[in-house]
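For reference, chains read A, B, C, D and E in written order, and residue numbers begin at 1 within each chain.
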Amino acid sequence: MNYLSYLFDATHWSGSQGIPQRLVEHLGYTALTMIIALVIGVPLGAWIGHTGRGGFLAVGLANGLRALPTLGLLILLVTLIGLGITGPLIALVILAVPPILAGTYAGVRNVDTAIVDAARGMGMRGREILFQVELPNALPLIIGGVRSSVLQVISTATIAAYVALGGLGRFIIDGLAIRDFPQMVAGSVLVALLAIVADLLLAGLQQLLVSPGLQVAPAAGRRRLRAVPDSRPAAQAA
Amino acid sequence: MIEFRGVTKRFPDGTVAVDALDLTVDAGKITVFVGPSGCGKTTSLRMINRMIDVSDGTIEVDGQDINSVDAADLRRGIGYVIQQAGLFPHRTILDNIATVPLLLGWNKAKARRRAAELMETVGLVPEMAKRYPAQLSGGQQQRVGVARALAADPPVLLMDEPFSAVDPVVRESLQEELLRLQGELGKTIVFVTHDIDEAVKLGDKVAVFRTGGILAQYDEPGVLLARPADDFVDNFVGRDRGYRGLGFLSSTKLPLGELPTVALGEPAPRGEGWTLVVDGERRPQGWVRGVTGPVGADLVPGGSLYDISSGSLRSALDAALSSPSGQGVAVDGDGAVAGSISADDVLRALEGARRDEAAA
Amino acid sequence: MTWVLGNLPLIGSLTLQHLVFALIPVVIGLVLAIPLGWLANRTSFGRTVTINVSGLLYTIPSLAIFVLLPAILGTQILDPVNIVVALSVYTLALLVRTVADALSAVPPIVVNSATAMGYKPVRRFLAVELPLSVPVVLAGVRVATVSSISLVTVGATVGFGGLGKMFTDGFQRGITEEVVAGIVVVLVLALVIDGLLLALGRAITPWDRITAAAGRTR
Amino acid sequence: GGGGGSPLSSGSGGSAAPSSTIIVGSANFTENSILAEIYAQALAAKGITVEKKLSIGSREAYYPGLQDGSIDLIPEYTGVLLQYINKAATETSPDDVYAALQKALPPTLVVTDKSAAEDKDAVVVTKETAAKYNAKSIADLAPHCGQITFGGPPEFQTRPDGIPGIAKTYNCTFKDYKSLDAGGPLTIAALKNGDVQAADIFTTDASIQADGFVALEDPKSNFAAQNVVPLINKAKATDAVKQVLNAVSAKLTTDELLTLNSTAAGPTKPAVDVVAKDWLTKNGLL
Amino acid sequence: MIEFRGVTKRFPDGTVAVDALDLTVDAGKITVFVGPSGCGKTTSLRMINRMIDVSDGTIEVDGQDINSVDAADLRRGIGYVIQQAGLFPHRTILDNIATVPLLLGWNKAKARRRAAELMETVGLVPEMAKRYPAQLSGGQQQRVGVARALAADPPVLLMDEPFSAVDPVVRESLQEELLRLQGELGKTIVFVTHDIDEAVKLGDKVAVFRTGGILAQYDEPGVLLARPADDFVDNFVGRDRGYRGLGFLSSTKLPLGELPTVALGEPAPRGEGWTLVVDGERRPQGWVRGVTGPVGADLVPGGSLYDISSGSLRSALDAALSSPSGQGVAVDGDGAVAGSISADDVLRALEGARRDEAAA
């Protein structure tokens, strides 16, 4: 109860430093990041997966970017560009792209070759195969990548506060500076809640978008799980 | 009609999968490509719809060089069925079947109407329309595969081991279904299998390939069994081919003998011999011998039946061989007893057929 | 380059410290994940719990967990135990799932035939199921290691050591070169260790690439 | 302690490092790190084992560490430390503050001799802002506070001599507060690009000179005297240790502090331990 | 010997997979369980090595109740071969085979020696020892599976559709191999299949199950084909069973006729009839008719051969049916021509066999 006192104090629920304002900022950073990351990651992943060219690049890029420390990147960008949203946004996009790219690439790549072959044999052209066959079948993995990306971005957007931006990270950084535990707990809990809600929403979206045909258990045998660079919770990169 | 003229396929790694193939696939007939694994059957098939490019030579479909048409357009005009159906898991059965019509620009309602029609044609109940492939058994999936290939009513159908992933019982029923369908539709079908039994059963003509993509023999199945061109084919068609070859000899000239019958429930006839028990519609129920009182229980199961309306010497001989009495039961199209046949008569008929052929 | 050349010993000692902070948690996490993953794989309830708990743990920002842990553990504020525990928790959360997935991907037919040959459960787990799950688990370990290396840097904002210091210090003092050098060292470190793990994996699973290749052609 | 709910404020008193070792900590700004290096190297030169944990964070972050044994020694500033321990403190002159501080400290902690070097928080504005409001002191700025966004470290918002102090002493309530860093690059950048119009920057900061900022005077002594002073765990404060620290304090002046800071911020960006070592050598303390 | 006594298996969901099964598997023989999908074959098999627990009744292996032994120990003494072999993908072929010996505590060198020995027994070249399962073809994998099951020389072998994943040609060679092996080893084998041909070919006795785990008939294969117990079995054994049934009738009493032969290169005999061309060892090469000059080219391929040393009426009949001359070629164990057989003679022999049986 003690730890949650900050959350339940009405004075923290209004004003330019209040919880709603910070929540909106956090959501804003996340949404902006995701839009940019989707615009980059999905077409690139789909193209690489469809053509089979540059698969090495996709995997390597995803792995390499994952190894980039977001904090360092953030600081470097702020040093170079100056204060403002641009630096943190770039850092977050770099964080968000790999799971989406890897998910889309793996999704398209993993579509059963027999199905793609059948599509070609029926006279589908490249674009028709991509849009009517590969992408619908890749959707579970694509959304999987997006979910893991969103989780990471929500969690990592907190360090934007380190470079004077808003968002829920403010509660953590400010709370830390004055050792105000309830404030830090408030920030952490809100971030966690936000992440959970976002993930649930995406899970719902997945149910809606993915064809029921891909959700029924296949009649025969489980598919062998390959050691591909996975796209699920690929850990925070903060 | 499909014409292969000196067709060779050399893969980049140097493998020659098909070597100078000359072959004419007759229009409206089923032509089967058969041969051991890796002999180039699939490659030959896939060159027809340009899934694989020809290295040398030309292929013509209905007089037109396949390279003179856009590949995708060509494929839309050729049905293609593969092993395990290759159905789209994300689409319902109905939408799977409607794929090519939609590609061809039909409107949705028309495409779906056509798909529903085809489901019936291939023997799928309408309730399956809304299901997804994963909810179907292997045999049902294959039916969908066939329906999908037929959707735009293409004159040519390519089938690559379509039934090899299903169990023997289902496989047999799919084969029957294909023959029935072909009877109605009269497509030009090229069918690949590595199972000689399937080839002989389905093919109007059978092309036997040997490793290296060389055509070893191209003949009607009866001829193939009776006169294999060489040791390779001889070996490949395997044992029992004498018996199987009977399947291609018509039994129309086979004389039917008398068959003592007794209706169910009537008193058993006296005497040592076997009597066939029949029901009210004169359909065979089993055999009795040396019993007294009304027949009903204790029937000895009979052998296989010889259907005179569709029979060959093969089924006639088997009926005779499998009957406990040595007299095979011949039935008419309704299953009613038509008479008896003896193995000896079958052998006579075979000899006659041999003589006719030698004379020809 | 001047800054880097003038501060090589500093970079060296920070790197060493960084490695200790980053790698010990991976080892701890893996060791704990194997039995827990096994347990999770046994019942669907276990799986549900594992997936949800590990998912939840991931949503807690690393920064928060670093500073909240002393409150939970009763440790000293700057005790490296905090960072090790925090990262171990993350690694564990990631790897429990991976281990459970990997075990469930072992073909049932193989497990079955092991049982039928007279393997008892523990020996079967060690001799058959575990070796067969190595490729998938290792992929998870690689992700966990790279993340861990990246995450340690966040600790610098709260006063822990490691290469993250190069970010905060470089920022404080406006030494861009130090920040860049820090990023490069972290990146190189992550990629080198990832490469080592990959090589290790190949060495201990000689069958895997063969099997994978065969699976593709079929 | 810091924020009321902290489980650490009740002092979890963990075990300290081996009694012979002194763990030197520092706050997360360069000057403090240099000072910590100076203490550490001076002690080491006299054969005392030291361990360094620099750039920990704000006072609120490291002070509990002094109590639980995470660190033993840290460079402090008399005024802010006093106010941190006793929010009601009113002393402002260097000696008063030092005397009050000694009384206010908990029994486990002591300060050794204060140095002459002072580094105060100051309300700093750009030349243009100063000109616009014709402001030389905080009092001059007070009437315009309502139009000004103030930037400083998060803790400045709650400290007695921070925003609350300015409001009380000068009747100045700022339009908004922006959490930045402790007079570091964020604060300076924000002040430069106009994100904030006034900021909390230390008087010894090299950028005041370099960027042409104006440190407003503090006529009502909102910011108490801020002499640099070593704060140390009493158990570790042996005579030998005190002797070393006092020797350092004796040599430190505000000018020396300025020099140290500008050296560190200079074009070659020497490492803080190098800056410290040079200073110690120059002053014959090694 | 394996004894099922009133064995029932009820799964937790209520499915009765096996219902009051009484059955004795003879020692040293191959017993085949056959039946449609889901009829409880696998369940019956897996109860023997306690992979599935019996709900009711008892199973005894060599007089000992299987529940009186520790399950793992029981299993180490029973070989088990399954579809797709279930090999350990992470172990080499040699180590796969050595598994059970190592479990039994043999030292490594001995276990590997034994494994190498077994590779030879099942017809795998030593070079394969160091390969991994994925590097083997399906048929080779099945051989490894058999070798692995044999490694500790268990008296009992359970085989669950071991050959159903391989193609027909390989399947046939694996079947032959199994029969050869069994000739040497004389294990007590229980073999599950859903393919009646395989059952009839391999089984010393065949148990036909019907859905619900009920034993429909348990007999020797010849009896099964000749006298199916009821309509279900009748249907299940299917068409061609008259012909296939001939495979279980011995041909020893079959009279051999004269056969006109001519050696390669000699002048062709005059006249209208067919002459068999033979080589120096009197092995048949083909037929000639109405040619002049030395025979050599233009041979008409012959039909299947009837081997008198191992023959049945089935191969005798097929030889006669498939021969272009109508005279089947009988050869001895070395492949040299032994005489001719006619289809008529086979029919006489069949009648004789029927009479003998009726008398018995």
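Rule of thumb we're sticking to: a residue touches a chain if its C-beta (ideal position, glycine included) is under 8 Å from a C-beta of that chain, and two chains touch if they have at least 3 such contacts.
Every value quoted in this text rests on a predicted model; they were computed, and no experiment measured them.
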* Structure fact -> Chains adjacent to chain C and to chain E under the stated definition are none
* When the contacting C-beta pairs are counted for A-C and for C-D, which pair yields the higher total? -> A-C
* Most distant chain from chain A, judged by the mean position of its C-alpha atoms -> E
* Name the chain whose C-alpha centroid is farthest from the C-alpha centroid of chain B. => D
* Asked: Between chain D and chain E, what is the separation of their C-alpha centroids in Å?
  -> 92
* Asked: If you average the CA atoms of chain B and of chain C, how far apart do the two points sit, in angstrom?
  -> 58
* To do: Indicate the whole-number Å distance between the mean C-alpha point of chain A and the mean C-alpha point of chain D.
  => 40
* Asked: How many Å are there between the centre of chain B and the centre of chain E, using C-alpha atoms for each centre?
  -> 27
* Mind pulling the chain C residues that touch 2 or more other chains? -> 71, 107, 156, 158, 168, 171, 174, 208, 215
* To do: Would you mind listing the residues of chain D that make contact with two or more other chains?
  => 6-8, 57, 61, 64, 181, 185
* Set of chain A residues in contact with two or more other chains -> 3, 79, 173, 176, 181
* Touching chain combinations (by label order) -> A-B, A-C, A-D, B-E, C-D, C-E
* To do: Spell out the part of chain C that touches chain D in their complex, as residue ranges.
  => 2-3, 6-7, 10, 70-71, 74-79, 156, 158-159, 161, 165, 168-169, 171-175, 177-178
* **Of all residues in chain A, those that touch chain D in their complex** => 2-3, 5-6, 16-17, 79, 82-83, 161, 163-164, 170, 173-183
* Structure fact -> Interface with chain C, chain D side, in the complex: residues 6-8, 12, 14, 25, 28-30, 53, 55-57, 61-62, 64-65, 68-71, 181, 184-185, 264-265, 268-271
* Asked: Which chain A residues qualify as touching chain C in the complex?
  -> 3, 63-64, 66-73, 75-76, 78-80, 151, 154-156, 158-159, 162, 169, 172-173, 176, 181, 184-185, 187-188, 191-192, 195-196, 199, 222, 224-230, 232-238
* To do: Give every residue of chain A touching chain B within the complex, in rising order.
  => 112, 114-115, 117-125, 128, 133, 136-137, 139, 210-214, 216-219
